[in-house]
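There are structures below to look over.
The two complexes that follow have chain A in common; it is paired with chain B in the first and with chain C in the second.
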Partner chain A sequence: MLFEYAVIGGILLGIFYALLAVGLNVVYGAQKIINLAHGDIIMLGGYGAWELYNTYHISPILSTIIVIPITVLFGYLLNRLIAPRLVKASDPEMLSLILFFGLSEVIQALASLVFGSAERSLPVSSIPTSRLVLFGQGYPATWWVSALVIIPLLAIFVIFLYRTSIGLQVRAVISDSVEAAVAGINSKRVSGIYFGIGFALAACAGVWGVFIFGGVSPTEGAAITITAFAIIVFGSLGNTLGTIAAGIIFGIFYQLAQVYIPSWSNLVPYALVIATMLIRPQGLFGRRQRIA
Partner chain B sequence: MPKLDDLDLTLETGSKGKKLISPAIAALVPIVAFAVGVHLYSNELLLTYMAIYIALAQGINIIYGFTGYLPFGYFGFFGVGAYASGLVMLDYNVPPVLAVIIGGVAGALVGAILLPLFRLRGAYFAIGTLAASEAIYTIISNPSLQSITNGPYGLNLAGFYSSGTAYGTAIALAALSILATSFVRSSKFGLTLKAIRDDSYSASMAGVNVPRQRFYAWLIAAAIAGMAGSVFGWSTSVFYPQAVFDPALSVLAIVFALFGGVGTIWGPTIGTVVLYAIYNAIGVSNPQYFQLIYGMVIVLLVLFAPRGLAGFWNYITTKITTVRAKND
Partner chain C sequence: MRKKTFPVIAASFGIALAACGSSSTSSSSSGSSGTSASNLPAAPAQITVGTTYSGSGSFATSSLPELAGLKFWIKTENAKGGVYVGGYKKRIPLKLIAYNDLSSATTAATLYNQLLTQDKVNIFVSDFGSVLTAPAVSLAQAHKVVLFDQTGTGIPFFTPQNKYIVLTDLPESSIWPNVLAKFLISKQIKNLAVLYGTNDFDASQATTLKSILSQNGINVAYYQGVPSSTTSYGTLLQTISASKPDAVLEFGYAANDTPFLQNVQSSGMHFKMVFTVFPGQLLSLFQQQVGTAGLAYTYTYGTNFYVNYPTVSEGLNSSQFKTQFAAAFPGQLNSLSLDGYNTGLVIQASLKNAKSLSQTDIRAGAAAASGHLNTLNGNFVINSEGAQTGELLPVAQLFPSSSGITLKAVYPASQATGSAVYPAPVG
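What follows is the complex of A and B.
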């Protein structure tokens, strides 16, 4: 019984972890930018949801949609500001790593100045509260409600990427930005928009992070970034569907560890990232080139 | 923006005498400054920490400045050193100065264990080391290991505290780390490291044993961090695992080194002194403002001055010489 509980709970949570990680993968997408501020964008999403609920009494389910345009715009502008300098650098990946590390510190500092350093949480009553009962086991409302909101969100994103013309342009730019530009695609704008979408996905994850992590605080970003990084490395960098699958597998692993070896469960993301990098650097679903 | 290969590749040239004197000055100036400073400024612990940060910044300098590998998880060696030295002091009553050396050995040992991480490059290495250090932290602070490491409750070394000796050891460590950097910079070893950093493929074609040279630099950096952690634990007396396995340690060391200029001897020392002084002026009461400032410093450095203060200094001196040359 305990095992089924861990697996089903892990899948529900894993859907959240898939969203948590997919934004990092998207930002990596076109310009090979490692967004070390990913966890901090997630944190900002959490504060956004908190403010929207406490000031305007907006349900977090609605907030998930409200944060999208704001963060897309923010990400787009940021990208246009920094991308020209990064592209010129000899090692853009490493440079972006340090740059976003600085940005992460700035966001963290601003967040603690604006929101204070105490953890804030949303009342569970802000979303439907009934427990989900499956095979005689009850699961907290936050788990299944977040999964129910996130599944369509991820589905829309995948449809956008694989079934729309902008999505096609995005994939063209990712696979070869020069050739895409030759084919008439405005690769700077497309990568800027895609970068913004990565930020938006992170912010959406942040809204639900408030429930799954039990609150939001200015310093939570770094640990979330590592977890997200572990998941995208596990599911192959740059592979969207791989990331989603890896998120769910990670959820199951994490939940199994929580149930059977609770005091060691925090090791799961670290062990996962190290093991993947050393044993199968291209990730579970990686093909072709060796990326690490 | 200057590319990596614009960074100075010059081996310290000049006479044999100058080769010995300039590192000696680089190490002596901080020693004297610290020895005098403690009489002018009474907060000895703060100066101890400053010396420790100089060592850490120099350690980052050796591994990042000369090989291009940026270890975000550098704090792991610091924590391992603090625990190794603390535990040998508590369990076997080892004298503190010897324990500091044991801490350095422990750091180097963990560095050797983490060697497979060098299969990774760039950002993957940076994050791989971070994950490894977080894993070490999770293990050492785990309640299940309370009988060995005292789990989440940390170590109490109050019985070994002696302010003067700890301070002296911290200064010696800072000087040692500066000497290590000058050795790396002015030796053939340093030149091979730079060759590896700029083009490891060509370096190996030229007969450089790439993995071995990199390994040595890594061990030196790890040993420095291990000793730094040991001195930190000893002078702090009572510490919790999260204090010695604090990612902020790597963060600050990296910022200090970058700010001063990596790949140089003076850069990390000056960067640490300047920024750590600012940190203590405003950072202790308002850590967020300090965090804001250094976050912005990093962003601006990356975008506009990737070579730090040292690059700025070179820029000015070159300008002056060109102006002079024109006037002549």
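What follows is the complex of A and C.
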């Protein structure tokens, strides 16, 4: 019974982890950089939900939608600000790491100033509280409600990416931005939009992170970034569907670890990265690179 | 107060400075043997109190009010001209040096080292809790400086070999669950589940409790340690539920207790008794974060914040402190700010009894105060290892009320302000 519970619970929780990681993957796809401030954007999403609930009594379900346009715009503007400088840099990867590390520190400091250092949490009663009963076992409301909100969000994102003309342009830019430009695609604009979408997905994850992590605090970003990074490495860098699948598998592993080896359960992200690097460096859903 | 804005740089500098200063002798550790009145060095212009605090991170909610309490004590004493030092028969002003450790034990270790080797503080005080106190314990011992340990109650800190530690505000971890164990026995609970964080503070309590209960024939059907960073308890609760316990006890820090209680609520599970550690210390915060429904009828340690001590031998009494502190530090009044202030009172009593400012004399001053010092935190009693054995914590239960949640001590009878409701009502 506990095994089944861990697997189903892991899937529900894994859907959240998929969203947590997919934003990082999107930013990587848009600019080929690892956004070290990813966890901090998630943290800001959490504070957004907290503020909206406490000031305006807005449900976190609605907050998930509200944070999207704000963070898309923020991400887009940030991309337009930094992308030209990164392109001109002699070592853009290193510059981007430093830049996003700095951004992470700035966001963390600002969040401490604005929201204080104390952890903020939302009451469970701010979302539907009935537990989900499946096969005779009850699952916490926070798990199934978050899954219910996140699944359509991820579905819309996948449809956007694979079934719309702008999605096609995005994939063209991800594949080869120079060739995309030759084909008439405004790769700067497309990258900017996609970058903004990555931020928006992170912020949406932040709204539900308040429930899954038990609260939000200014310093949580780094640990979240590590978890998200482990998931995208496991699922293959740049592979959206791989990241979603990896998030769900991560959730299952984490829950199984809590049942069978609880003392070691927090090592799951690190174990995943090491195992992936040793066994399948290209990630679970990656293809071997063809040379020449 | 000084703050470190760039912890990484601070840490790097700290390491470098520690290396440079490894051969130097701290002034505060000078005279590690007692000082007689005839060779008493000249009184310093000020007494430096060195500590670290968590300006952010998982311990900030507990550490910041504790620091505020210590600051309040310094402010109060400085308003009188300083703290009275018995050896000099006069008051000497206090100066606080506080560094931000960001809730990181590694950063705290570097900053503690800096306080001892560079700042050469006279009075060395650790940050909140066992996790952040642990690095200070070995450093204090190595530098032969007395550590005024505020709330680091882990058993490993107190050994016959360590003469340089004084636990000021809470009983040692192994003592905390004594009253709780007696309560469980009195309720004839036969089967229980214990979930604890794998840190000194929580593991000490869990170990002691299990031992006492086992001796009394109570079955601990579920006994599991989890990482201190755990925030997801859904599956763990399901596992606990499978053991059909009469009581579920979770020993964690505030950052664990909050999601644990939220997970209990959102899972829809009902247990006859749920116990967590921190709601009694940070009640208003828990009320905000978990809500009345999530806290109703759960149990916690009652702290001396909820006990009125009208007569004290040192400092302000309970009501005076609450009024004056709330005016000086709005919004930070809770049991941990009381602890921070009480740390100051223990230092004050130690210095009053000390023949000089040598660390040996300060430690002897603390020992002399043991059993005679009555503060707003109860009777201060330490054993030969510096562990606090007074100030016992009653078991308290949280009751829904018109104002939200009310904490009432329910055990032992001598401290009870209400009667326990067991099993907790459904819904």
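As a convention for this text, the second predicted complex is superposed on the first by the 288 of 292 C-alpha atoms of A that agree within 3 Å, B and C clash if a C-alpha of one lies under 4 Å from a C-alpha of the other, contacts with A are read in each partner's own complex, and residues count from 1 in each chain.
The rule we apply is simple: a contact is a pair of C-beta atoms (placed from the backbone, for glycine too) under 8 Å apart; a residue touches a chain by one contact, two chains touch by 3 or more.
The shown structure was predicted, so the numbers you read here are calculated from the model rather than taken from an experiment.
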When chain B and chain C are modelled together on chain A, clash or fit: clash
Contacts of A:Ser263 with chain B and chain C, given as first, second, both or neither: both
Touched partner set for A:Pro281, first chain B, second chain C, both or neither: first
First (chain B), second (chain C), both or neither touched by A:Leu95: first
Touching partner for A:Leu13 - first (chain B), second (chain C), both, neither: second
Which of chain B and chain C A:Ile82 touches, first, second, both or neither: first
Partner chain in contact with A:Ser112 - chain B first, chain C second, else both or neither: both
Touching partner for A:Met1 - first (chain B), second (chain C), both, neither: second
Partner chain(s) touched by A:Gly215 [first = chain B, second = chain C, both, neither]: second
Touched partner set for A:Pro123, first chain B, second chain C, both or neither: second
Colliding region between chain C and chain B, picked from 37-45, 91-99, 181-189 or 307-315 after the shared-chain fit: 37-45
Intersection of chain A interface sets (partners chain B, chain C): 108, 112, 263-264, 266
Contact footprint of chain C on chain A as seen in their complex: 1-2, 5-6, 9-10, 13, 108, 112, 117-121, 123-125, 129-131, 137-143, 211-215, 217-219, 223, 254-255, 258-259, 262-266
Footprint of chain B on chain A - complex, ascending: 34, 82, 85, 88-91, 93-99, 101-110, 112-113, 222, 226, 229-230, 233, 263-264, 266-267, 269-271, 273-274, 277-278, 281, 291-292
Sites on chain C touched by chain A in the complex: 54-58, 60-61, 64, 102-103, 198, 224-227, 229-232, 234-236, 238-239, 242, 254-255, 258-260, 262-263, 265-269, 285, 288-291, 293-294
Chain B to chain A touching residues, read off their complex: 1, 3-5, 68, 70, 116-117, 119-124, 126-128, 130-132, 134-135, 138-139, 142-144, 247, 251, 254, 258, 288-292, 294-299, 301-303, 306
